[in-house]
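Next come two complexes, and both contain chain A; in the first it sits with chain B, in the second with chain C.
Showing the complex of A and B:
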């Protein structure tokens, strides 16, 4: 029973400790809240609240009188100013390309769309070429991407019509057929109609059958998916902190002299050490369960199926606790522990959960960024939790779970051996 | 002079603790390198485009090879021909090794190019299977790139169909070779379309030097971001010194000497200012020399930002030293604002990717202005005028926080 008394005493002391409450629970929850608000928590319908893009349009194009005053420039301005895009784009017209570029340089606008003088003429001239410029602030990617996508769709329709007329002319001439302007105009118009009908029928997405990896469903709410990932990362990161900080009590009591005094009592050393180790495991369990419950209630985080989730919980708890015991067993005093908890655990933790930061950045996940975390215990824990959250089964989680258990055995054995030797 | 003496004593005390060096210098450098490397997308070697698997189950038929050409011409994605099973490719998309996968189903070409009664039929929507996680930015970008290439392919088929119809309307006959010729001509035209959209970025730094542009895009977020975050982490040690002096009654004992209360407060404040300024100078030097981030293109503007950043952070450190009763509290009181101010100020990720409300709230914080100021220099290539507002706001924060610290300062 003494072993449990010691464990309970240590556990209660940790739970009353402001450091644990602050770092073990407060900070990870705070991170979740920050990311929740960052990615749409303040949006009215819980979706992703993209700010409106400030667009300056400079239309230097001139209508082509021979073709009924056709003006591609005016059409493009009309599309950008249309009601359907009003929630995405705040469009203002400008007369000068230089002034528009200067406005973007001075961050008065996000993007400038500069329509060249000969755009409409280039549509009808077989040799004509034109280039619409999308000029943007280099720190922005989303807004300019949206604008470029809209402009490109329109310009591709015009370019396609032009290409259609050119190809028809060449092919028919080659076959010895008579080609007049009406035939080419007809081909170009039919292409334009096809392109427009494609755009109306939900765009080019009808040409693709999109499915998410692992055959699962698309993530319903991007904001909550991101926050779920962040909460997973925070839980893994701070579980290892807690494991180390909790194991620190062994060094603390040694320094305070309470541990040597305890050895003078009839309590065997195995009971004292065992009690302390149980407290470390119990504290990490409490932390993980509290964070999971909070995240489920507030952020509606879906943690995955019960069986693989249980494996991930067990793996994380035993690995974080044993790693804390292992690390503390190598330190001389609490002064060194401060450096290790503050520095080493932070570095290992940040590397281990780096997928949280790279998940939403194009090109950042995979390769080097996917391999490096696996050199840290946190990286294996993170992998297991991600697999579970992505709908992985027991067999999917088996490898990271096995690695976590193997690491636990190694860390725990070395840590306990060192402490036994030290306290003997 | 007594202020300087007190500062030198504090600095000696801090430098002796190697945790200070870890927090002040090693960790920000390590994280800058780490985030710079992973955000630069090193997986593709010299090609920064997103990798997309191309799985051809249609046996290299007419449209498959042409689709591969069009995908390869994309600015956003690079196709990687894969012989692996769909399940394996799917796993790689799930793991983030691939941004997406395009699966060309068996019979794709034949279905689209089906001919009947001597006419080309290309009206049916035969979809192409794309495996992609649309919930990620990489997935969404890849999907847009694939969509553009497929639209051009289907556009080329439409062009071939229209040409064939025009020929047939004149009594001619469009055979298979006519169709393929027209298709190839249309696809060739799409490689260099007559009407295009060009994207250009503002910023003198980018126009001047392509190498600077590459480094700015790789470290333009990570370098100032980690600088902002770890300048706050750096105040922990100095705040603990104040706590320790109060707990050990050194502050009271100091009052029995010739040094005044104002000099004691200013001495501690100066310690924090010098320490953070030295940290920023080191990190700016590291960014400039090792990472190629051009802070020195506007040295006066960079100096102004470093000074005002140091001033407001030192004021925060002084306030924390005043409010914390124990050393543990000094750590918690420093780390919590570090996380909040860094996260909400755009030090971890560009505020652009967050919602409108978050951006507005973020810009109430000095960290967001520090990021704006630094990025005005290193990414946007702007000059001194562009950092004046940011510097002014940080200075205002410095004054307010310092006033609060002085008001609450207790010597016992």
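Showing the complex of A and C:
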């Protein structure tokens, strides 16, 4: 019973503490709201409200008749005008490169994509060269970045197709085969398909795929999906803060004299330490549930299926709490704790949730940026939550959940042993 | 076990690395008395009572509290004592009532008896009208009273109070001293530590004087004063370097002991009226002039001075 009295007392004190209310609940909610308004729109409106990028496309390319009328220029225009990019790009065709550049200079358009004459021919001519120009307002970053990314991926695929066609031509003619345009076009197309499937298997974004986390209300609303991702990151980041800050109460009470006084009462040490640990867990649970509820109500965040979500919640709560206990058990006093919470926890947290910001960076998925967070406990929690939000099942979440539980056992055991030794 | 003894301290030792805080301390506290541990800061008083409160494990020795060993039966000891720590140990973000309720639960009180006892203690410490106020907004004196109130909750037979009057105003100090006497009048045994001679003198049935981790004397006030042979204490200030004058004063008839600390010279003598003119004469002969004289009857400070050669101070 005393164990719960101590836990309740700590919980009450934390809920009256401006630091917890501010950093545990206020800041993460504020961050979500800031991101939400940064990307525009209201949840009730549903659509994607990031201002669309005005793109002027000048297609000077000509189809290559001997290769079945192949036209790289038309392909690129088709990609830019595709339905999947319609929410991101407002594409208008223009006949004149100079007029398109002038429109950008006059801020009548954000970006001009100028496809040169001979782009298609250059694909099949081993000596051929052509350069697609992306002309944009230098004060803009996000919109031109999106266009550049799309054009670069297209050109990379085109360049690969050109090499593949050249190699095929050389090898077939060496063997005495007659090589016509249709054969080379087939080779180039097959290379393109193979390249796309390879990139997909490595986790890279498919050229035209606009990623959107799973979830009923969020589908079709990228702003809400982004806020959902940010809220998940904030929740993981600040759950670990809360774990450490509430475990700090052990050091704080030691300095305030209330912990020694507790030891003069007929209360076993196991009850005192147990009560404080229960309070740490309870506080992280309160924080996670409040942030989830708030995000669900305001941002219509869809958290995924119940079973894997429960695993993610349990994993996050026990790991954040035990990591806080572990970290605090190594510190001498609250002055050291200030440095650790302010520095170490921030760095680990930022690395751990970095996938929120790198997920849509071309090439980041599957690379070092995807592996680095897993060197932090926050990274494993983030992995579990992202899987759940992306529609993952229990079996999908099992690995990060198992890692979180294993880390919890290690951190909790070491932390409790150190505190027992210290308070004995 | 001797039923009359509330505490039997037997050869307690405690060291923190190379620092020997308590070295072979032994004393008995009779049931129903106020027993004071008197000594300067760093004498080992707090370490001694921390061991008796089961907060620290002795390196050697043992203590029995109402027959329960602090080493083998700490829970029984803790249930029998009410500890008032030197530092105010309260939850400042909780109200006075919430603090008392929480600590009451830690002493095993529950439900209606807890509520009743909290109400009683709030009345005793004079905080009934401020019971819902956050402790963080209380004055130092109010916090001190609440700090003591927590120790009253479970009506312990023995109170252990570690310098409860440090850093408070004279009015609150008076109130606390009166509370201690009242508790004792109601039958409680009190183990009290202080470095204020006046408090020990006013409160105590028995006093033990500690210095450098050792118990250097113990007894009633009268017994301790007899150690200095009922000598008068004369504190003097000189207008010049004291050393040559001290040498002359040591030779003055009737002077028992001369010591100097921080420019003040203390002379212990059987009869200050006889000795004082001689001290003036000797000082004049040494080319010095006495600028201040303070004569005191024998007291615990004189005892401490006699035993250690140093004044009893913070």
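By our rule, the second predicted complex is superposed on the first by the 242 of 424 C-alpha atoms of A that agree within 3 Å, B and C clash if a C-alpha of one lies under 4 Å from a C-alpha of the other, contacts with A are read in each partner's own complex, and residues count from 1 in each chain.
Simple rule for what comes next: contacts are C-beta pairs under 8 Å (C-beta built on N, C-alpha and C of every residue); 3 or more make two chains touch, one makes a residue touch a chain.
Here the structure is a predicted model, which means the values were calculated and not measured.
Could you look at A:262 and tell me whether it touches chain B, chain C, both or neither (first, second, both, neither)?
Only chain C; A:262 stays clear of chain B.
Which partner does A:140 reach: the first (chain B), the second (chain C), both, or neither?
In the superposition, A:140 contacts chain B only.
Quick one: classify A:13 as touching chain B (first), chain C (second), both or neither.
So A:13 only meets chain C here.
For the overlaid complexes, name the partner, chain B or chain C, with more touching residues on chain A.
After superposing on chain A, more of chain A is contacted by B.
Return first, second, both or neither, reflecting whether A:2 touches chain B, chain C, both chains, or no partner chain.
After superposition on chain A, A:2 lies in contact with chain C alone.
Check the residue A:151 against both partner chains and state whether it touches chain B (first), chain C (second), both, or neither.
first
Quick one: is A:289 in contact with chain B, with chain C, with both, or with neither? Answer first, second, both or neither.
Neither chain B nor chain C is touched by A:289.
Show me the chain A residues, by the header's touch rule, that chain B contacts in one structure and chain C contacts in the other.
Shared contact residues on chain A: none.
List the residues on chain A that touch chain C in their complex, please.
Result: residues 1-2, 5, 9, 12-13, 16-17, 256-258, 260-268 of chain A touch chain C.
Spell out the part of chain C that touches chain A in their complex, as residue ranges.
53-55, 75, 78-79, 81, 83, 85, 87-91, 93-94, 98, 102-103, 105-108, 110, 150
Enumerate the contact residues on chain A facing chain B in the complex.
Residue list for chain A touching chain B: 18-19, 22-23, 26-27, 30-31, 34-35, 37-43, 48-52, 101, 104-105, 107, 119, 122-123, 128-145, 148-149, 151-152, 155-156, 158-160, 162-164, 166-168, 170-172, 174-175, 177-178, 183, 186-187, 190-191, 194-195, 198, 203-215, 218-219, 222, 225, 338-339, 342-343, 346-347, 350-351, 354-355, 357-370, 390.
Which stretch or stretches of chain B touch chain A in the complex?
Chain B reaches chain A through residues 18-19, 22-23, 26-27, 30-31, 34-35, 37-44, 48, 50-51, 90-99, 125, 127-138, 141-144, 146-148, 150-152, 154-155, 158-160, 162-163, 166-167, 169-170, 172, 178, 181-182, 185-186, 189-190, 193-203, 206, 216-217, 220, 328-329, 331-332, 335-336, 339-340, 343-344, 348-350, 352-359, 361, 375, 379-380, 382.
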